[in-house]
Structure formats: structure tokens, C-alpha cells
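For reference, the structure discussed in these notes is given below.
Note that the chains take the letters A, B, C and D in the order they are written out, and that residue 1 is the start of every chain.
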Amino acid sequence: MKTKQRIAILGASGYTGAELIRFLLLHPFVEIKVLTGESQAGKSISEVYPHLSFAGLSDLITLTAVDYKDIDIVFCCLPHATTQEVIARLPGHVKIIDLSADFRLADIDTYAQWYGHAHKAPDLQKEAVYGLTELHRDAIKKARLVANPGCYPTSAQLPLIPLLKHKLIESNNIIIDAKSGVTGAGRAAKQANLFTEINDGISAYGIAGHRHAPEIEQGLSEAAGSDILVNFTPHLMPMNRGILSTIYVTLAKGKTVDDLSACLAKTYANEPFVKIVSAAPSTHMVRGTNLCAMAVFKDRLPGRAIIVSVIDNIGKGASGQAIQNMNVMCGFPETTSLEQVAVFP
Amino acid sequence: MKTKQRIAILGASGYTGAELIRFLLLHPFVEIKVLTGESQAGKSISEVYPHLSFAGLSDLITLTAVDYKDIDIVFCCLPHATTQEVIARLPGHVKIIDLSADFRLADIDTYAQWYGHAHKAPDLQKEAVYGLTELHRDAIKKARLVANPGCYPTSAQLPLIPLLKHKLIESNNIIIDAKSGVTGAGRAAKQANLFTEINDGISAYGIAGHRHAPEIEQGLSEAAGSDILVNFTPHLMPMNRGILSTIYVTLAKGKTVDDLSACLAKTYANEPFVKIVSAAPSTHMVRGTNLCAMAVFKDRLPGRAIIVSVIDNIGKGASGQAIQNMNVMCGFPETTSLEQVAVFP
Amino acid sequence: MKTKQRIAILGASGYTGAELIRFLLLHPFVEIKVLTGESQAGKSISEVYPHLSFAGLSDLITLTAVDYKDIDIVFCCLPHATTQEVIARLPGHVKIIDLSADFRLADIDTYAQWYGHAHKAPDLQKEAVYGLTELHRDAIKKARLVANPGCYPTSAQLPLIPLLKHKLIESNNIIIDAKSGVTGAGRAAKQANLFTEINDGISAYGIAGHRHAPEIEQGLSEAAGSDILVNFTPHLMPMNRGILSTIYVTLAKGKTVDDLSACLAKTYANEPFVKIVSAAPSTHMVRGTNLCAMAVFKDRLPGRAIIVSVIDNIGKGASGQAIQNMNVMCGFPETTSLEQVAVFP
Amino acid sequence: MKTKQRIAILGASGYTGAELIRFLLLHPFVEIKVLTGESQAGKSISEVYPHLSFAGLSDLITLTAVDYKDIDIVFCCLPHATTQEVIARLPGHVKIIDLSADFRLADIDTYAQWYGHAHKAPDLQKEAVYGLTELHRDAIKKARLVANPGCYPTSAQLPLIPLLKHKLIESNNIIIDAKSGVTGAGRAAKQANLFTEINDGISAYGIAGHRHAPEIEQGLSEAAGSDILVNFTPHLMPMNRGILSTIYVTLAKGKTVDDLSACLAKTYANEPFVKIVSAAPSTHMVRGTNLCAMAVFKDRLPGRAIIVSVIDNIGKGASGQAIQNMNVMCGFPETTSLEQVAVFP
């Protein structure tokens, strides 16, 4: 490899930033040049993230201090809305993987409805490619701006899109009961996310109103060829990493659970990061990795099936998939720096 | 109160035994006379349960060493099958609350099918009263043998039975996604329940095959007046106590979410231990108590609703309800020793 | 009992406030009349603490809205410095138990040195009684203002003061290695206390500089009759409740570990809340209670001993002891409302 | 690289086995050929360790089924005593890294005293090299059998040996208060290690009698040139991975805390896996790595210092160091496959 691609991580002081760094430090074809963090600017990475103290990274700087002449690839981990403005101003030569929600919804009216303000970069939205890698690989290869999928949408769409595409399940009765680790709630100081408030308990949140619902519905609707609504009920539970989605579906007439398993097995046969398993997968199986593991089960209710899908929410659900997308965009082997084995226990 | 009722706890070395003791030590009308534990017989309670060291309890003895002449009430926390044999031999004057699954299923064929062996006390089965207190109070008052409900069935039936009885929801599409703390798995030494195997992860288990499914279906079928099958999918997660059941239902024609809430509010208006709340309840809300809290939400899917129900699995889901049943059987005020406030954080 | 004592809890929205409420709701001789919370004023308790939703408590109000005519007892859970000003303005008829650090240090210069500002109520300081109940009971009986001890100082002083008083250990080489649950860090939203930052790890903090050091040294110096410095090294670990202090001491010449055990056993023989045990106590043993359990062990190093002491940091370490002090101040039986059994698991 | 070194892991079904696999799968110069597990023989690795399902490993076999002709390197993760017998029978051409305690104590009488039976391979003991890599690198290079250090001894000796060697601290008053994650307790099914028994609590264990004490004392005595006893008090706490040792020492006459820091900084200046830091290190800093991080602090007690040392107990405390030793024994770059960044959160 000649020269390494030079990387800037905008908003590097959150958990997705840290996880990008963890993976990228092992990547042979890139080097991390710039880390930004508005409130942390001027601090060393060891102050912000002691576990990254020994990596030889430079101090955090402000967004405005970045000189993009020396940057080839930008990972954007900024809050929504800000993101649209920042990305709109980036020079044309940089490739961008955006980990926020700002470019995920193709329809800007849907965006406005769920996010409470008009989209600030509607032209750029048309250019953005939705980065569910296994299912949009060709478009990602040619993309300049990839909208990295949300964590819940990744865990739900990977099993459901093939099944809808092949008309194996009904589209009007999909229930996604998802359980997430707390890294999904971000690193901002909030009382609700204190150790003492989370430990030894579980609660549902955002019932019938979580912003990942329209993102899931967008992907499923496209697959089904018709508008789909889904039940999506997320839960917050005491673990750091992981999403387990338990998905309840109705089989299409004449179809069986084996048909579902076979379809998923075929769809993902050659995929390094999507695994069809037979026993119910635990989030432990994928912790610290870019993997998604899933299994299909017969329900006691006739004509119905249960799908269990697990990812690491900041792995395949965020930073891992972002790097997978970078690898695709840059023509690197897709698994580069993502071959790590799950960390268990 | 003249003389205190004398209590024996059979199989006191497990978590439900310890929780019975915790509550009963504060009960003014009873005294704990006998604790049994086959493998722990001869040990002091402080060896078995250091946190009960200061309560002045006597040592554990074997089952065969119990003299029932001095016992008025028996709590039975023994493994299934053993339980049927032990209870069949108890003298007629003792009141029995059985916390095992052995007398919960009225149909002994269903029992045999799910538990893998013929029922060993079929006559006694006919006499047993299912102890979901709020819904079977009159029968419990007159009962000699109460089959204390399972933890998952308690959390699922309390909201669903009134709704089915009043024909507010369809009976053919009920999905119960339940998340449980690890005390539900018991105190036996199993690799799968080690701290290291459970911490920081979640998994589904017993998919479409958990023994609490027929127990739930028995109660719902009776309420609906027809045979019902349900989806029941339990998950094991890293917390000690608590069950949160997220229940997905279809509204009966013309019915609304408000109808459901109103029905539950009316059903449980005067119940000290069942609370209808408006915000999504966390298991924290009921930890260490005999409470069940529940809330109903409108789904994004038209004509559907989401019910969230929480209990402490060894409180209302086991030992708390067992004491509530004892209070009813003995004519004590129903809340005696169960007035404790939730332990949070 | 004729009329119940009327209670105000100032600063009720933190963990010590919630724990006071949990205990006081079961107290037959008092009633909670007023809860304050500056930033939460106007909110119902169910918004602030869902687990207290069913207790029939009134909404939170501001400090300035309190009418002390109707109040007999004040528990003060306010931040330090504020506390001195607020308490200085309270009318003379109310009894006060202050859970902050503001009146714990008898020497106002020491206070100023460790808290960074001059004491704001030096006259009141002279009147304040340090509320380590077992060791200052007589003074507490007559007190109007009790300075409730800190959590770490409670766990350290209960074993060490008798041993120093009876010259059983050397005073110049005391090492207190303490491990605390996260409720000790309070309920304020801080990044360092997020679930994700605390879970599955441990760290020392405040090494050689924690504000509980001078409080411990004050008590030990008084007991020894000379100025004592100690090593006090606190650690923050992933649990909600509990402090375990491992204390390393040198035996006084000719003294044995048995002498230490005997001294502690004799000192606390009739104390309902201090227990000398033989096996190493776990924090589980005291969770949710007002108990302190301790044990003494022979070291491998000749002439040295190890003491392990456990409390619930918001029980005996804060709210439990505060109520114990109230009971003493008011002439109630000392254990009233504090008889609860440890919550395990 | 020509041919890869072929590896057998004996006793691969425990946590150290799994962690060896996690690292070795990324090692370019070796391949895992054989995994043994007596009770698990015949099972696939995905049954034993679902998180290793996708690595293409072969099924577990029994010890007696191993053909060592095709093996170059053996990692031995067997229980103590068994280990001595198994290793004694291994053919001469294999290099052995033993992760048990069986060859750590040079003095076989000390071994017999602490392990309760005579050493079963005393001749082999003379040949074994103690594998604290940074401090015994030259001997390890030439070794055929390396006794991999215990987890606690690694965390304690790395800071203490240089300080004793350079006479910077007194040797008669060393206190090591260590806090460990639960993987250190192994994967065997034990009631005491159930999630429910460990979660939300902490306890000391093996007070003044833990088998790692003589191992620590062996290393420190050699460094000091005289027999040393230490206080070593381990604690078990609710985290999966990590040991934090808080070490209390007395400065040698005329020495300062800065002298200690400078000595450690110099000793480990070129070591990739030992890091001297200034802020108190958390176990989070090293989770999933082969790192040891340490810091020295001035005590409040005059003439004393506090050292905090952290490792991942199954990383540098077991499997990581075992691979580091293998790299040294085989002449591979010492950091091969161990460059991974800490996994946080």
C-alpha cells in the first residue's frame, strides 16, 4: 500500500468515536490525523479516554480548526442537525461516513416530522447512500457520503429485508421488541443514565415514538414494495454493549420457518459479518465485533415465527459498520481491521 | 391476636425461601418455626444465608424431621414432582401455599405433557386453588392448598385476564415478550447462571417451549371462554430481581386503548398491590415489593396496543404473593407484612 | 402515641432523601409533611421517584415555601455550604438531623481547609452533636442539631474507635481501603457516573485527599487521646449500595486478634445495629438495612490484624442512621422503622 | 514466515482457554490445531463457546487423544496437580506455557504446604522458568517450560519488584489490597459465583490464606534479597475482567514518592505492555489487553506511598502474558497479536 488514507473523526469524544479509534488503530491502510470535540478541545485523548492513552493520538481540536486539505476520509459523530450543516460545508474531495441520523431518511418531510425541523441540506440528502453494507454494497462503493444506519435499524433490517423481498412474511404485523445496552444512549451526562438509575432494572422507552421507527420502515417498505408500519419497542437494560431484537412475524401463506431460515442463509452465505445460527444467540456472541447473528424459530402460534437478531450496538450498529463502509468506499478488503473475535466474558 | 400461626418453610435454602423469611420476619401474626433444606440440613441459617444471620432462626432440618403437630401453615418451595409427593403426605390441619409448579395446571394431562411425567397427586390437584390473589380471592379464602402462580404468568395474566373477560382484545394474537432477572433461575449451581456468563448480555431462552406458557394459556382461556394459545418469549438479563413483560395485543373491533386502561383501572381500583400507571414502568418501581405496575400504550400499528407490566419476580411473582395468599387464607389483613416500599436504587 | 411528629425533608430528590422516605413511611410515630427540591419544585414525587408513586406524598416545593410552624423534625439533605445557611435560619423548635458534611468537623479551621471556604455558622457548629449513634448516644438524646456521619467514616470509626480507646492497636499505621457503591456519588448528572463509565470496572479516587479523611481522623484522635492521621483510600465500584472497608492495623504490644474481637463484641453486645461476625462479611449482608457488620482477622504479617466492616452506604451510612438518631432524639424505641431484613439477592 | 507453529490448548473450555483463542486467532505465525476438554470432549467449540462459533476451530477432544507429533507449542490450562502429571508426560520437542499454579513455586516444600500434596514433578520444577515476562525475559527465551504467573502476583510484582530491588521501599510492611473480577474464579458451576450471589456486592475472601501470597512473596523476596512476608487481601467484586491492586508501602529512609515513580518509569521505559501513568488508573483502561498500568501517590501518612496497579486478570494476568511468553520463547516480535486496544465501554 502506498500512502495511508488520512482520517478525521468529528465529534470523537463520544462512544462511537472511541470505538472507531479502537478499530482504526489496527487498520493498516489508514491513519488517524484529526480528532475534534467542541467542549473537549485542547485536551489530550488520555484525559478524554484513558483507555486510548497509549495510542499516540494527537489532542482534540475544534471543528473550525480542521484543515481538510490533509484529510481523505471523515467520520462524522456529531449531534443531529449540526451534522447537516457541517457536512454541507466539507470540501468535495473527502469521503464521508456520517454516524448521525441526519442523512438516513430519504424523504425530507419524514425527517422534518420526526426531528422537529426542516432538513438543512436537502440536496446532499439526494446524494447520500444508506449504508447497510450487505444490502447496499454497490451503491456504497460509488458513494461520497454514506449515511451509516442506526443501531436498532441494523439489527431489525438485516433479517427482515430479505424476508420481505422474497414475500416470505406478511408485511402488516411485524413486531420488533428490542433490548439495548446503555452505550446507545450516548456519553452525555444525564441523570436517567447514571449507573444507579440503570443498574438492576429494565424499562421500555420511546414506545410508539422512537426515531428509529421511520428508518426501519423506510427499509422494509422499499423491500416489500409497499408502505409498511411496524411496531418497534426499545428497552434500556443494564449492559454496556449489545442489542437483541426479538422479532415476531406472520408467515406468508404456505411458507414455513424453514423457508425463512433458508432465505437468510442464502442471502448471507458469503457475508463475513452476518451469521445464521441455530441456537438462540446472546449479545455476548458479538460483543466488540462487527457481527450480526440471527436465528429463526417456530412460534407456538400457528403460522407465526420468531426471529432473534443480535449485534454490538456500537460495533455493527455504529462504528464497526462505519469502517466496513469505509473499506467498501475505498476498495480495501471489506473485513480489514474488523476481524476481531468477540470479547467474552 | 392471641397465638401466632406457626410456619414451616419446606425448601428454605433457595431464593423464594429467603424472600419468604424476609417478609415473614415482619409479620405480627405468624412465627417461623421450621426451615427445611435437604442438602443443607444441620447448617445454621447464617451459613446458608448470611444476610439472615441476625434473625434468631433455627437451623435447617430435613423434611422427614418435621413434626407437623406444631405447624399451622406450610410454604412449599421444593422442586417439582417432589412437591406433589410431599404435599400429598401432609396432615389435614395445615394450610399449604405451594410455590412450585406442581399444582398450577388444573388439567393433569397438560401437566404430564409439559413436565414429562404423570401427576403424582391427581386428587389433590382437584382441590388446589390457583392463587392469583386479585382474581381468585374468594376461592383462596376457603382453600387448604393454594398453587401459587409462576412469576411470568403473574405478570402476564394480571393485565390480560380482565381485558379478555371484557372482550376488549382479540384472543388469537397475543405476544408476551418477557425479560427476567436471574433469581428466577434459582440458586442451584449452573454454569449458565454464573456471573461471568450473565453479566453484560442478554439472551432469549425456552422459545416456544417454556413451561409457563400453558399456565398463562390456562388463565387466559378461562377468561376468554375459549382455548387460547399465546406467544410467550422469555429473556434472561443481568439483574437480580424483576420481570418486565411487554405485551402486544390487537384491540377488539371498536375498542380503544382508553377502553383498555379504563377496564384495568376499574378492575384494580381497590387493589393495594396492582397499580395502573401512565408512564412506562420500570422494574425498579416494584423491586422488593409485592406490587404489580402496568400501563397501556397506543401502538403505531392501527388497532393495536402495547401493555407493559412489571413485578418483582420473587415478590409478587413468588414469595410476596404467597404471603398475600396466606393472609387471605388466614383472614389477616391482606397487606400485612407486605407494605414495604420499593428498594431503589 | 398521641400526635405524630411532623417531618420535613429538605433536598428530598437525592438518594438519601428517597431512602429516608422508604424508612419513614413505615414509621408509626411520624408523618412526612414536606419535601423540598429546588430544581424539582412543583413536580409530584412520582415524577422524581416513580418507586414512591403509591405512598400518597405531596408534591415537592421550594425551600422558601416551607412553613416550619407545622414541622417538628427536619432532615437536611442539601449540598454543603448551602446547608449551613439554611440550618442557621431554622426556627428553634425544630429538631434537625443534617446529612451533609457541614456540621461534622468540630474544628472550623479544618472545615475551611478541606471545604475551601469559611464556615458560615460557627456558633451552630458548637452546638452540633456528631451523630455516630452507638458512640454518642447520650449527647444525641439532648441534641437539637445532629451532624449525621459520613458513610465512609461510619464504616471506619465503628470498629476503630473502641480499639483505640482501649489501646489495643497502634495509632500511627492505620490503613483504610474502602470500596463504595455508586449511590455514594449522588444523583447529579455527571459523565463519570454514567452506567457505561462505571459498569465492569473499578478505580480508586480522591487518593490522600478525600474529605472524609479529616472526619475519620477527628473521631479516631478523640478516641486515642492524640492526633492521628490515617490512610484512607476510597474506591468506586459497580454496585448501587454498600461500603466494604478493609482496615489494616498493627496490634499494640502484647495484644492479640482475639483481644480485638472481644473488645468489639463487648462494646456492641447490646447494640441492635452493630454485629460482630466470624466469617468475612459481604455488603450483601446489610443491603437495605441500618446494620454494620464487622469481623477481625489475623494477618500473615506478625503483629498485625485485618478488620472488615460493611454497611449500606445510604442505610447506616446515611438515612438509616439519621432515623436512628431521630429515634434517639425523640425518645422513640431506637429501632423503630429500621427492623427491616437485608434485601438479598 | 514459513510454516506456522502448531498449537494445542489443554483444558480449553475455561476462560483462560477462550481468551488464548481470542488472541491466537489473530496471530500470524501460529495455528490452533488441538483443543482439549475432558468433560466437553466431542462437542464443537460453538457449543462450548458460542462467541467462537465462526472461527473454524475443530471439536474438543480428550487429553489422551492428542497426538503431539503435530504440535509445537502447548498451552496448559488444566487444574493444579493434574497439570504436573500431564506436563511430565509431554514429549521433549514441545514448548510449554503452563497457566496453572503447578510450576510457579520454585520451592517444592512451599508448594506442598500451600497445595496440600507433594509436588508430582520435582525435576521438571527445576527446569521451569517463572514467566513474568518483563522481569525474566532472558530466561524465558531459553525456556522449554514456562510457569505463567498468577493474576494477582502479576499485578503486585510488576510494581514492587523494581522498588525492592532498588531499595526504595521497606520490605516489612507491604499491604496489597486487591479487587478482582469474577473470571478469576473460573468457569466451574459454583453457587458462590452465580450472578445473583455476586451482583451488587463485594466481599473479601481467602484473608491471610490465599495461594497467591507465597507466589508474591517468592518474587519479592528474591528482589529484596531476604525473606519477605506480605499482607495480601483479595476481594471478589461484580465485574467480569480486571484486577486493581492498591498497594500500601513505607518509603525507605530518605526516599520520596518521586523516586519510586522515576524507578518504575525507568524500569519499564521500553516495555510495550507496562505503563506508568499519573492519574489513578481504572481497570477499564486495560480491559481486553495485555497491559499493566500503574501509578504512585503520596500518602497522607508521612513516609508512605500508595501504588495502584491494574491489569486484565485474563489478559496480562493469564492468557495475554502466556502469549507474550510464547512470542519470546519462539522469537516472534513480542507484541504479536497483543496490540489490541482496550475495550471500553
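Here, a residue touches a chain if its C-beta (ideal position, glycine included) is under 8 Å from a C-beta of that chain, and two chains touch if they have at least 3 such contacts.
Source: prediction; values computed, not measured.
Chemist: Could you tell me which chains are in contact with chain C and with chain D alike?
Modeler: Of all the chains present, those in contact with both chain C and chain D are A, B.
Chemist: Go through A-C and A-D and name the pair with more C-beta contacts between its chains.
Modeler: A-D
Chemist: From the mean C-alpha coordinate of chain A to that of chain C, what's the distance rounded to whole Å?
Modeler: Between these chains, centre-to-centre, one finds 45 Å.
Chemist: Suppose each chain is reduced to the average of its Cα coordinates; what separation in Å results between chain A and chain B?
Modeler: The computed centroid separation for chain A versus chain B comes out at 39 Å.
Chemist: Indicate the whole-number Å distance between the mean C-alpha point of chain A and the mean C-alpha point of chain D.
Modeler: Inter-chain centre distance comes to 36 Å.
Chemist: By residue number and range, which residues of chain A touch two or more other chains?
Modeler: 15, 182-183, 196-197, 199-200, 238-241, 281-282, 284, 287, 345
Chemist: Name, in rising order, each residue of chain A that touches chain C in their complex.
Modeler: 15, 182-183, 185, 187-191, 193-200, 238-240
Chemist: Mind pulling up the chain B residues that touch chain C in the complex?
Modeler: Against chain C, chain B makes touches at 15, 18, 21-22, 25-26, 46, 49-55, 182-183, 199-200, 240-241, 275, 277, 279, 281-282, 284-288, 291, 339-345.
Chemist: Tell me, which parts of chain B touch chain A in their complex?
Modeler: Of all residues in chain B, those touching chain A are 172-173, 175, 177, 179, 181, 196-197, 199-205, 207-208, 213, 229-233, 235, 237-242, 244, 246, 248, 280-284, 287, 297-302, 304, 306, 308, 345.
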